Amino acid sequence: SGSETKTEGETTTDSTKSEETIKVGILHSLSGTMAISEVSLKDVIEMAIEEINNSGGVLGKKVEAVIVDPASDWDLFAEKSKELILDKKVTAVFGCWTSVSRKSVLPVFEEHNNLLFYPVQYEGEECSANVIYSGATPNQQLIPAAEYLMSEKGGGYKKFYLLGTDYVFPRTANKILKAFLLSKGVPKENIIEEYTPFHHQDYQTIVSKIKKFAAGGKACVLSTVNGDSNVPFYKEFSNQGLTAGICPIMAFSVAEDELRSMDTEFLVGHLAAWNYYQSLESPENKKFVADFKAYCAKKGLPGGDKRVTDDPICWAYTDVYLWKNAVEKAGTTDIAKMRPELYGLEFLSPGGPVKMSPINHHLEKPVLIGEIRSDGQFDIIWKSNGLVSPEPWSKLTSPNKSCDHVSHGGTYNLK
Amino acid sequence: MKKYFNSNSLFYIILIGVFLIIMPIGNMLGFVSNNTISLWGRYFCFAIAALGVDLIWGYSGVLSMCQAVFFCLGGYAIAMHMLLVAGGEDPSGIPDFMVWNQVDVLPAFWIPFHSFGLSFLLALLIPGIFAFIFGYFVFRSRIKGVYLAIITQALALAMWLIFLRNETMLGGTNGLTGFKTLLGFSLSSPSTKLGLYIVSFLVMFGLFLFCKWLVNSKFGKVLVAIRDSESRVSYTAYNVVNYKLAVFVIAAVVAAIGGMLYVPQTGIITPGRMDVKASVEMVMWVALGGRGRLKGAIIGALLVNYLYSVCTSMFPESWLYILGVLFILTVLFFEKGFWGLIEMLENKINSLSSTKSVSNTNS
Amino acid sequence: MLLNVKNLHVSFGGVKALNLSAFNIQQNELRVIIGPNGAGKSTFMDILCGKTKPNGGDVTFNGEEILGKKEVRIAQMGIGRKFQKPSVFPSLSVFDNMLLSVRMHKGLLTSMFFKMNTEIKDRIESVAEMVGLGKHLELLAGNLSHGQKQWLEIAIVILQDPKLMLIDEPAAGMSDEETYKTGELLTNLSKKHSVIVIEHDMGFVKQIAQNLVTVLVRGQLLMEGSFDQVRNDERVIDSYLGRANTALEK
Amino acid sequence: MKDIILESNDLHAAYGQSMILWGLNFKAEKGKVTTIMGRNGVGKTTLLKTIMSLVQVSKGTITYKGEEIQTLPSFKKANMGIGYVPQGREIIPKLTVYENIKLGMEALGSKSKAKIPEDEIYAMFPILKDFRKRLGGNLSGGQQQQLAIARVLVSNPSLILLDEPTEGIQPSIAQEIGQVLKNLAAEKGITILLVEQKIDFAKQITDYYYFMDRGRMLMEGSKDELDLDDIRKYLSV
Amino acid sequence: MKHLLYITLLFWGSLVSGSSLQKDSLSYFVHASISGNDSIKQLSVKRLVESGNTDVYPFLAAVYDKKIYLFKDQPVTTGVRTTGEDGTDFYEVYTLYPVNAPVKDGAGVIILQPISKLKEVTFGRSERLLIGQLGPYLNLSSADAEKRKAAYGQFQALKDKEALPALYAARAKETSSDVKSIAQETIFSIELNASADDNRKKILIDSLVINWGSNTESILEAYEASEKNPELKAYAKAAIADLNGKHERLSVVQNLFSGLSLGSILIMVALGLSIIYGLAGIINMAHGEFLMIGAYTTFIIQSLLPKGDLFFWISLPVSFLVAGAFGFIIERLIIRYLYSRPLESLLATWGVSLVLIQFARTLFGDLTAVRTPAVLSGGWEITSHLVLPYNRLFIIGLCIFMIAITYYTLYKTRLGLRVRAVTQNRNMSSCLGIETGKVDAITFFLGSGLAGTAGCAMTLIGNVVPDMGQTYIVDSFLVVVTGGVGNIAGTIVSGFGIGFIFKILESFFEAVYGKVLILAIIILFLQFKPKGLFPDKGRIAED
């Protein structure tokens, strides 16, 4: 309720001196199933805005966040985005987690030419002029992870169980992974693809299938299992006697925030692929983590200073600064003028220096593979060489498509 | 005795005065935003679905927890049409999501949706026939009460799971989106939005009158009798299965009409609209407005959805409390829902004023 | 012959509730069935109107087999029932309760496009008057007293105008005066309909029993005979009437 | 001085808006059978329900053993020794006959260790013994009525309210019930308030009559003051 | 000037070839690697790795596992853990070099130490990568059973018969029985591939079959593919077929078990649901939230008692009480006004559910999980192919217990009689002297409490989130309805039935289709049994 009064406080500021603030929207679910993940993003965006305001704001004005709750209801995302853009007149929106919510608001942003900053790893196959995708594209997460597992150092795994929650990200991810594995000569029968519904809780059968699959050795799981299904999955995995040694799980949707206060004992040794971890050793990250914890504690948010940062949190935070820097470079919040400033924009993010692609709306960033520790943090066991360029259209599944806003106005065919 | 307060006229005055006259004119004059117009346009669609729920549940006592499925069937049919009209990046006109899934021929069941007429027809027929088949088996074997509620819920769950799949070729979790025009009108133009708003209103109003006629006919009385005692209706020589089936199909088609109007105004249709919760919510609108009162169904749907929109923006962290407590309080204090409350007020005011006038004449 | 029953038997949990070797009703006959509590009288009616499925037997109505048919089909064939426990439509008014019963085509479209006419209205009102509900037509049936519901049930059966009326304990909960009135009503009805009445009130039985009285005991047909034969039968006295009672009646 | 067990004074009661009892006065004397008669729908059942708190008293008082009880909840009245046999029997359908009888003992209070006087009950209603294990709801109408009476007898009441107890009961048993009630009143001093429409049955056992019409007491009198024809007259008004 | 000394020694060491390093120089590097600066550490570890001397492997393994400590200035690692009475964990302490053995006190009893008494020595990733090169040999001497298992896996893949002596030695030292079995398997498989004696090969095949471990089939398949001798080929094939048959039979058992455990969960939720439905005649939309309350109660108790398993055993009854209390309060505040209006209660409980979910969200944030008690983690390993997780076994047991309690309460106690009477006819029960308000409240308390306990048990398999109740509620209602509303026996049969059928379907189809199919089956089933498995018969069934 602390932040609620604050929101109201801000609305009053809005009516009295609306000229002096720049409004941005925050469109993350605060209730419903996605709240688990999205609330942290809302928190970190508010923190970034507070930081910016404390250091003088943007273009000399304070930034004001307009928070709405799309309540994990996809249609409400569209409704709320209209409201933010049309009624609340925000200059940009930070929001969305699931791809379906992004798809839902996309026509709205395109119709009204506003900008959505989307911080979550996603399946690609999209190249909108009105979305800034700071999360990983498949080639910035999936492919390096699979390559790593196949490598000698990664364990030389030969059999892959692709397990996901049944929705578009896992499906597309697995489509790309499968194409990749097949292209690397992994025989078809060594790849199994399986999906479970959202909130699936009973992994007994699937784990025993995996166990059978792993009986020959050299098998691993590539998991795009989402949200609250992960705990039952990992618990069952360990209880049926499987371990990271026998068959590691490489997760694409399990980050520190999900591990927070999970019983991590049985997760130790399993892997994940992201572009950022809280355990990154750098001064900027140390500060970021400390700031976030302090912020949560100060605001009395659930979890307080026990809160952790993770990949989407890092990029949601980065998004706010990307927006700020572009606006300041352009000297205006006008989308047409500030968007060009984003191309090639560099920023020292908590995850190290990153760079907006010079031609499209994705971020160039490093890929990291981490091993889960018993404290819910990751040991970084592999790191890409420098920044990896984004490929919104995977070379494996859409070989002749590419995304270029500078010279092609979006998606174009290579040939 | 003179009536000082007439809830009936109030209903019509507000409905027509505010929604059909003030709001559209306001929009044209620019003091009602386009967003408000499309918001209410969508609420009308929900109100349409609520009418169906009231028919099947309020009057016939059949708690169907799958109305959102029918709503979506109608919605998907129109969405498929609009998507085909919009075309994709692929020159073949196949929707993009199929291209990305390496589907290069349009699945046969999509073909009829090129034509608006056929799509319109199918949008009514598919839910109608689906409701007929499902209803036939369910009612024939005399599944009723909580059994029926749960079985329809199971149906909703199963349909939701199926629509979530990519194999269904309906866009999986992401659903269908990216519409541009409907019958040649650009969906993004304010006049189309206003047009859709007015059409939705008129359809809602028309269906309201239709349902009113229906429940006041002898057919409606049979429905209420079925709600009271199904077997007694049989002994009175009415074929209960036929009646239930008829009202189930009507409710499904009504819901589908709501869905058809909903999609062009929302711009997306996803399986999220038909999950278990969605159908339960429809029942809740009716319960809150006043079950067994068609006006209640409309008021309930409009009110709850309006509150939902407002509260999720104004009280993003506490709106659930507000809505939850509202449900509880309504139930505790207004036995017959929101419309029941208004009727009660009507009685109070009228009896007060009539006693007053009596005492006046006496003195 | 209107109704012909052969070897009809049903048992619940191994206990034979009814085992009727033969039972016939003629056109326009009024038949009274008596018998101790639990003799199977109501069960017999339940079978006739399709509510209970028997274990075996033959029941022909108007030459047509009715066992295995749905309730609504049997009702359409012309069997109407008044239940022992009043079962009206509580949330409909007395008038609507009666309207729904009026004999007419009862299909979907007919119901939707049904227009009230004076003929039907008058008929309903006259029947209502007959059963003493003339002043209560607007009342919700659920708000009637027990006895009023009994009357409404009777009115419903009358309006249904069936070939065979099954009347289960019509006089229960009625005063002597009303019981007598009911008796007259039933006697009248039997001029145009066949009627089967179940009753425990011997005064009433005496009033209406024109022809045969059937006595059921433990599901079996004990005897059939005129009222006097039955009343004086030792077995009936032992199992049903009781010694003291017969004394009282004389 | 007569020992009045139950007494009502200016009793008003309504279902929601519609007033049914309009200032009703009556008394029931200890160890006597008081019968309330009246045509259908005059409010006899409503009166008994009001006594049992199933219908709210809107005005007036009900006094039981000198104590005003109109505001007490039903179960307290049962615990105070008022037994009730409602119209329509109200057998608990999915409990066995035995369990239904056992429920009658609830009125004796939760600490009571009393045993069900099974022999006594079964002697009166032998069919209940055979059907001990059957579900109450499956019994025939008359059997249920017998069960309802049995249920009230085991609770050892000092006042019994009976709403048309012989409805649907075979003559021989109705006869017996009459005897039992008479004995209960005469030998055990139990007060009986009977609602009845059948004169033959009523006159067998009644000590004092009330005639009701549209929510009021129209006439009253002891069995000696009234004769059969008077009664008939009042019932046919 | 210690520093200088180190550098000279290191330099000197590098002159001598790795394998011929002397014991005392190894000892020197061991000490240098734990006390030197970063570059010295790295050099020392490099030397130790290059030495190829297996005596330092335990030391290197400990470094690799990041389990290296100083105890009385000796490098040590930790072994078996025991939890003391006050909840602190004690570990056995092993010296690493030159002897790899547990530290004992004067009386020869192994010393137990808490981690806090040991000084951790940290190494960087580069040292770990260096050690990683040593591969399976290193893991073979790890203190961690998992690492040893992994090592044997690697040896199986290498099929290197040079490794046999090391493997024999390791097997002889092995203490853990399941690692021993893998060791056997590894040795058999290498010998099988290396052996030239046909009879011996047969014996080895038989031994492998008898020792049936997780890799046996793939070992035999690989062998069968490479074997030229048709007789042996056939022999191996038969052995494989034999194992496959066993596997099939076991997977049937596994599926049955899974069905039983799924069924138990559904029943636990359904029991309370069924009772409350019976009471108020309503679909209690908030039932799942009582489950959630039970789970959060467990979570809170865990936070209060952060050590050991005690929290869970306390939570079981407490979650019953807490959820029951919530149910009690909600019944007194809201539901009790609604008994005559079941449809309204649907709405009210829906409201209650919204409020409770948001309440949990405000109070606890979002994702939380409860630690599985140590005794309930892992599984009962009947064979390596059939592990029955303890948490599932516990849930099955708890479910049976809850069924028994519920059954007893409802059918064998006076309270139960009252509850059943009130649920069927509230007014009449009151007229019979039952204080219905009390019975209502108690019934709600019981029903909610059962859900609360179920929620506590559910923390064993899933996480604790505000809307966790929603996950089970639809399925549980299906169970209630399939069994016949208000019929406990029906609920039990249908719960296990649905559990079994679902698990059988799921083993053939994907989970999603399994779910769709089970829904279709239930819909079909109700076609034939519209009132559930055990419908009321006769008059009481009337509508």
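A few comments on the model shown:
Letters A, B, C, D and E name the chains as they come in the text, with residue numbers starting at 1 for each one.
Please note the rule applied: a residue touches a chain if its C-beta (ideal position, glycine included) is under 8 Å from a C-beta of that chain, and two chains touch if they have at least 3 such contacts.
Please read these numbers as outputs of a predicted model, since none were measured by experiment.
With contact taken as defined at the outset, subunit A and subunit B are each touched by E. Seen from the C-alpha centroid of subunit C, the farthest chain centroid is that of A. Compared with subunit D, the chain whose C-alpha mean position is the greatest distance off is A.
Of all chain pairs, the one joined by the greatest number of contacting C-beta pairs is A-E. Relative to the centroid of every protein C-alpha atom shown, the closest chain centre, again from C-alpha atoms, is found for B.
Between the CA-based centres of subunit B and subunit C the separation comes to 45 Å, rounded to the whole angstrom.
Chain geometry summary: the mean Cα position of subunit A and that of subunit D are 74 Å apart. Across the assembly, subunit A contributes residues 1, 31, 166, 197 that each touch 2 or more other chains. For subunit D, the set of residues that touch two or more other chains comprises 138.
Counting partner chains per residue, subunit C shows two or more touched chains at residues 12.
Listing the residues of subunit B that touch subunit A in their complex gives 33-35, 38-39, 42, 89, 100-102, 161, 164-166, 172-175, 177-179, 188, 266-268, 270, 272-273, 308-309, 312-313, 315-320. Subunit E makes touch with subunit D in their complex at residues 414, 417-418, 420-421, 424-425, 427-437, 536, 538-540. Across the complex, subunit A meets subunit B through its residues 1, 3-4, 7, 30-31, 67-71, 73-76, 78-80, 82-83, 86-87, 98-100, 103-104, 106-108, 111, 125, 166-168, 171-172, 175, 197, 397-398, 411.
Residues 137-138, 141-147, 149-151, 153-155, 157-158, 161-162, 164-165, 229-231, 276-277, 280, 283-284, 287-288, 291, 317-318, 320-321, 323-328, 330-332, 335 of subunit B are the ones that touch subunit E when the two sit in their complex. The part of subunit C that touches subunit D in the complex is made up of residues 12-13, 35-39, 41-43, 84-85, 132, 143-148, 150-151, 169, 172-178, 200-203, 239-242, 244-245, 248.
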